[in-house]
Every structure is written in structure tokens, then in C-alpha cells.
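Chain nomenclature is as follows: A, B and C, assigned in order of appearance, with residue numbering initiated at 1 for each chain independently.
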Amino acid sequence: MAERERRLTPPFGGVFVARTRVMTSDDTERAVWRMAHEILERNHGIDDVLLVGLQTGGVPLARNLADALERIEEGASVVVGTLDVAFYRDDIGLRPVLPEATTDIPYDLTGRTVVLVDDVLFTGRTIRAALDALTDFGRPRAVQLAVMVDRGHRELPIRPDYVGKNLPTRRDEVVNVGPDGVDLGEMVK
Amino acid sequence: MKHLLSVADLDADDFEELFRLSDSFAEVSARRIPKVPALRGRTVVSLFFEDSTRTRLSFETAAKRLGADTMTFSVASSSMRKGESVRDTIETIDAMGVDAMVVRHGSAGVPQRITDWTDVSVVNAGDGWHEHPTQALLDAYTLRGRFGSLAGRRVAIVGDIAHSRVARSNVVAFSTLGAEVILVAPATLLPPSLDGWPVKVTEDLDGVIDSVDVLYLLRMQRERMTEHLVPSLREYSRRFGLDHARADRLRDGAVVLHPGPMNRGVEIAGDVVDRAELAVVDQVRNGVAVRMAVLWSMLGAGTDLVAEPDEQQGAQQ
Amino acid sequence: MTNTETTTRGAVVIRGGLVVDRTGERRADVAVSADGCIAEVAAEIDPHGAPVLDAAGCVVAPGFVDLHTHLRQPGKEEAETIESGAWCAVTGGYTAVVAMPNTTPPIDSAAVVREVLELGRAALCDVYTTGAITEGRAGERLAPLAEMADLGVRMFTDDGTGVQDDRLMRRAFEYARGLGVTLAQHCEVDALAAGGHMHEGEWSARLGIPGQPAESEDLMVARDLLLAERTGAPAHFQHLSTARSVAMVREAKARGLAVTAEATTHHFTLTHAACASYDPVFKVNPPLRTDEDVAAVRAGLADGTIDVIATDHAPHTQESKELPFDQAPPGMLGLETALALALTELDLPLVRLVELLSSRPAEIGRMADRHGGPIAAGRPANLCVFDPQTRWTVEPAKSRSRSRNIPYAGREVRGRVRHTLVDGRPVLVDGELRP
């Protein structure tokens, strides 16, 4: 997320420079596979479970999880929604906030289990915004959280249910989740 | 974006950014609960020195859907003594602590002057014959929805250009977005000078109607009859009105727009109103999304903010 | 000054200046005697202990005469009074102003003329007044011109508006001729200009402000030229602003008509593009026009088609100038900035400038016995001393007017008045009023 903001807003602009590869693409694939099993185990199947990827980093991960789920549960069809939390953030007015992409929640969430999916869990504020946003689409029976990387530094009482990797980081580092794997680095102006 | 006073202040990229935002807000507007807390705690005041229920409702709906509080300062032209100080009004409202003023005034330039008297954001919601930028934005957004892009499209704007803030804003908006603009009007309804206007001009609607992608009909005000601008509404309607015969000659896929409210039987024949080419309902619906985009750009996007770099790092994930 | 006794009339010597009047320019000192007249003009005058006004590097000119001043009294004292208008006048080097009749009540009778002249006697400079051509400036019946002429009124105008009725104007010319007075016209055909608030053209089109076409001025100039020719009465054209009217006046003068014309400082300085700010400080009537019109006005000033630089000093309160452009009253201040704008904007010889600002307006206003030079022994000492090189920045807040509607805020100009003497009395010394 936020690549566009970095580009669009000069005071914050910068380029991500990777320093260490912390997960290869094989690692992330195995993590997806494991998390898919955990989701099935926890929810006793996939019925009434909806994956919602957070724009934009969470969306590809949500699709990968859905693929894995459908391969494990033959014949199952997993619905993936997308959610942009820009308008729900609590830092509006403190930093540039631009919506990344559209929200697409295909049906009423009332009574369903929603698995929020994001690439990196950091302060928890994005997830807080997402929880707020979800209430505008119904009253889910339960909301769970899946992330590829939990890098710590939480500022809110939020914890993930499914984690690809727990990664201790410094606050000023940046975690980048891409198709080739996960890198740790920093932003360079 | 601090203010929106004139379409001329926007370049093609600004339009695209506002359109992209409008897409997001169109989606919000389609939700079961069409409201986001993006501007919670902000106050938007609509200052309508001239009545326009449609525009005011559209702005107030937009503000409310963004979670902002709204206040209305509505002055029927009859009750506000001519010559009462706009500045006093502005300074009073400013002192109440608001974040944006949406201003409609019968005199050109008032929104621009108001920016000298307050630090809050000002949106021009129509000033005299000058401009109506959000109308132009929603028209261009509506056309983008139909055509994808306005580049290379032919747009005919028909009618009373001289006294139309909608025409002034749309000429600039459409041409900025790459459309070819043709003004169709008798000389009495054209501005006294078109120097610097990127337009072609004709008096012959029938000569262009089968070659345009967009037919934009302006509202013909009845009071123009007393100013020797056209002999009669009947004659105006015959030369510049859209009837079935003309509508049949429109290209496939051509769109007819009107800023509303329509004078049936003048700009447009009564039974043409229901034809598929008319995109007036789209215009109204898009009006809210576009105005949400404008208010958000001014009050929420925060692209003019400067924050500490480490704070920023923290918020990026 | 070397003597503190400067505020009363007394012998004064102006030393070290370049004396410029319509007869030419020469380095000379000017001695003023206690009776308010010029005693001596000579290369070196020993003051013998009399107070000295320093004029080194400065021009000593006959005091300026403004044929077109709105003093707003009676009726609009919150915008200007005769007293405050005169402060502005002497600040700008003027020793005489001619008040326009659009007061409340209008100056259209002996009673109001008397009132204005009475108030004018206490002012720092000479105050003359015009009278209205028609009763109430309503354009319907002739005002009592003779009654006002008996009190010394020598110019009549309905300024603020033109006399629309062709027949009435013809009669006015015929009647005025016999009285030996001049009719001055604000040329504007209402039928064309009504509802307009700026020059009709590129900028009015862009800004969405209703316009006044140039033809509304041209038509009335053409009519009055025809009527003046027919009646043989002297006609004075106020604030010419269009290229066409300048051309028509030029042609009429070439044919020998007894017509004169004035142009304002703003019409040779500003164009309609200034209205893009929507700030009514740029709203004026006739409106600011095009680059071509400005060029024509400048050419007219250079070749003598236009006789006079006038200010059309028109004070308006801050509140009224904060109204929307189409509701605000037209008009701008001018007395304090006229000389500087003429020096900055016009590339004219000093002798010609003095003619435009002093000698010609004094003749047209029939006050050449007191104003307009020449600077010679025995003449009334109505003088101004200005430094043509001083650069300064216009700051409306520093105006001595009761109003602030100066459209040149922040503009750097050249030339500043140092001293003004009215009847030998220094009323402005080094830029400071000595009331």
C-alpha cells in the first residue's frame, strides 16, 4: 500500500531500497498454504467465510489464499472482496491520505465470517479502520485477521489470527511484500 | 487543493485525480450505508446568497456522506438587503470555526473575493455569469463514464452562452480534457469577445448535430426576451431546441446533457425528455460523488501537509 | 525650513529648483512676498532671513489644477469632505480643484453652489465647483445655469452621467454659449451602457461581468461634437477613454472646433485586465479599457488632442468597495498619485506635463488669473515643488483621503511632491501638511 502516496506527495516521496530478503517466494507460498489450512481448521470448513483483501497490498494475498482454499476444499468457491479504508483512517489531516482503489464487498456480511487479509501488520491502525468500515456492510458473525508479516510495534489492541511470519523490526524500517517474496529495507529520498 | 474557484485552475491531471476520487465516492454512495467518516469533525457551511436548492442539496449530501457537519446560510435574494456586507457575513461564520465554505452568489467573483477575507477553503458553487466548476466537473465525469475519455470528442454547447456560468466552466473543462468544443448560438447569446476561447462557433445546429458526440443544452432564461436577445422563445426553440427530428439525427451513442432545470418545450421538446440519449439523471447522481471528491480533496486528502518522516514511515504499512 | 514661522502667509524663498511653466524651464529661485504673490524669479535670491523652501533637484511648477474632483460634500461626508479632499489635493501638488456636482443634494442651484464655495474657503486649496446642466442631474430640465454662473461657476456638467436627451443637450449648448460658460460632458449613452460594470470585451467575457461597450462613449462624443459645431458653444469632454473618441476629438480640433478634452491618470495607466481580481477598486466609469485604448489616450496626451490630465478623484468608503463587483460604486482616488503616474507612465517633456496638469486646466476652468502660471513676478504664488526622481511605493493606507480606494497599491512610481504653496502660503512642506 501507499506506493501511490509516496509518488504523489513530494514531502514523503522516496524509493524503497531492500536490504535483506526475509522470505523467498517459496517461503510465502508455503505460508499461504499453511494459513489456508489454519483458516479451514478454525472455521470447520469454508462455508460462510468471506475473504476481504485490504487495498492494495492485501488483495493479492487474499486471492492467493482463496486459490489455496479452493485447491484444498475441492469444489468450494471462495469469495474475495476488497476494501479501501482510506476514508476510515484516523490519521486524516495528519498525513496525505488518498484512496487506493475501489471497495467491492459483494454482499451483506451479516451472519458471515470475514477474514480480513493484509500484507503487513504494523501499528494496527489500518485494521482498526477496516473494522469500522466493515460495520457499514452488515454485522459479521466474526472477523478474523490474516497477514503475511507481523512486524510488531502495535499501537492498538489488535492481534492477527493467521500469520505468515513474525518479523522483529526497527520502527524506521520498511517491510515490502511483493510477488518475489518479502524484503526488509528502508525508504530513501 | 485549497479552493475550487475556477475550472481554469485545474489541469488534466487534476481532473483525472478528482475523477478517480469520484469513482471511490460513487462506490460509497452505492452502499447500503452510503457514508464514510472521512471528514468527521469537519464543518462545511453552504452560503447561498442566491437560491439553488438542487446545488445546495447536492453539496450538503456530499458533505454528510463524508461524515462532515453541515450548516446552511441561505439568503433568499429578497430578504438580504442589496448591499449588505458579504464580508461581515463571512467574518461572522469564520469566527464560528468552519472548515469550508460552499458559496453561491448572483455576482461574479464573490467566491474569489471571499478567499481574501477567510483562511478556510472556498468552493465556488456558482457566481453570476462567471463559473460553476462543480457542474463542469460532474458533466465531464458523466461523459467520462460514457466515453472513457473526452479526448477527440466533439461537444456542441447550445444556447445562451453569454449569461451562463455553466458554459464558461464547461468550455474550459471540456477543452482541457481534449474535446473539441463548438458553441451553437446567435451572436446575441455569445459573449462579447471569444478571444482566447478554444472554441468554434456556429449558428446552425442542424449543420453540426449529426457530427457531435455530446449535445449540451443550456437553460434559456425567459427574462432574456426583454433584452432583445432573441425575438421569442418560439423562434429560439425552432432554431436551437432539440426536437425528435433533430434527436433522430444524433449519432449512435451520442449523449445529451442539460444542467437543469429544463424548460420543456424550449431547449428540449417535452416528449424528447425520455429518450435514451439524455444523461440528466446520471448528472444528478454524479453530482454528489464529484462534490464528495472536491470536499475530500480540500479537507481530507491532506496532500499539502508536511509530516515528520518517521511518523510517515510508521503509517505507511 | 530655516524658520519656524512657516504656517502663516509670509515671505518665502524657494531655492535651488528648476522653474518649469509653459514658457519653458530655467534654473531659478522664486521669492514670494507677504501679499501671496511672486515677488521675484531670479537665478540667485538672497533670502535675507526669510524662510527658505529647499527645492534642490526639484521642479518648481505652477500648482496643478484638477478639473474633475469628487469631493462628496454635501451628502457623503463619510467618503470625503471638502477639507479632506483638499488635503489630498495639496499632497498631490494641486492648488485648485473643481468639484463635480453629483453630491446629495446635487449642485444644481445657487444655494448648493454657495454652500460648497463657502466650505471651500476654509480648505487648504482653492475649491471651484461645477454646476449641474440639468435639475437634479436628472436629464429632464435645464438647471438655472445663469444663477450659478453669477456665483462664479464656469463649467457645467451632469458628471456621473451624461445628458441623454439630444434636444435638451442642444438647448443647453445654445443657452450656455450666451453665458460664456463651458459645458463638460460625461459621455455615456445609458441605453448601451446600462447594466454594465466594466469595459465590454475579452475580459468581461471571461470574467462573466456585464460590459459597457466603447460605443456608449463614442456615440455621445460624436453627438456632442455635432451639437457643439452647430451651436458654436465650447464643449469639454471629460475622461475620454476610448481610441475612437480620442480620434474624433482630434479630427474635430483639426477642423477648428472649440472643443477641449481631458483624460484621467487611470485611463493611461490601467487596462480592463485589472478587473480579473474582481476587486471593485478597479471599477470606474468610464471603465478601464484595452491596451489599444490606453495607447490612444497616451498619444492624445502627447499630440495635444487631449488638453488636460484630470484625476476623477472619486472617494468611496471601504464598505461600499467591498461589495460584489457588480454592486460596488465606480470610482477611484487620484489626487495624490496623478503626478507620479504621469511622470512614470508618460514619456513627456516637463513643459508639456505642466501644461496638462496646470496651465490648460486653469484656462479651461477660467481661473488662469490665479492658477496655471506663468511663474513670474506679480502672479499669485500658487506653486508646487516636486522631485521628479524620487521613487516610492503607493500605500493606500497612507492616503489623506477619508477613503482608501486607490488602485495602485504596491506599485512603484517615480516623482513626489515636496512643497505646495497656495497664495504664497506653504500648505505642504516636505510632504507634511501645514494647515
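A few remarks follow.
Quick note on the criterion: a residue touches a chain if its C-beta (ideal position, glycine included) is under 8 Å from a C-beta of that chain, and two chains touch if they have at least 3 such contacts.
What you are looking at is a predicted structure, and each value in this text was computed from that prediction instead of being measured.
Contact topology of the protein chains: linear, an open path with no closing contact.
Think of the whole protein's Cα atoms as having one middle point; the chain whose own Cα middle lies nearest to it is B. For the pair chain A and chain B, the distance between mean C-alpha positions equals 38 Å. A straight line joining the Cα centres of chain A and chain C is 76 Å long.
Work out the mean CA point of chain B and of chain C, and you get 46 Å between them.
Taken together, the chain B residues at the contact with chain A in this complex read 20-21, 23-24, 27-28, 31-33, 35-39, 66, 296, 299-303, 305-307, 309-317. The touching residues of chain C, when paired with chain B in their complex, are 200-202, 204-211, 213, 277-279, 319-320, 322-327. Of all residues in chain A, those touching chain B in their complex are 1-2, 5-6, 8-9, 11-12, 84, 86-88, 91-99, 102-104, 108, 119-123, 125-126, 132-133, 136-138, 151, 153, 171-172, 174-175, 186-187. Residues 82-83, 85-87, 105-110, 112-113, 127-131, 162, 165, 168, 191-197 of chain B are the ones touching chain C in the complex.
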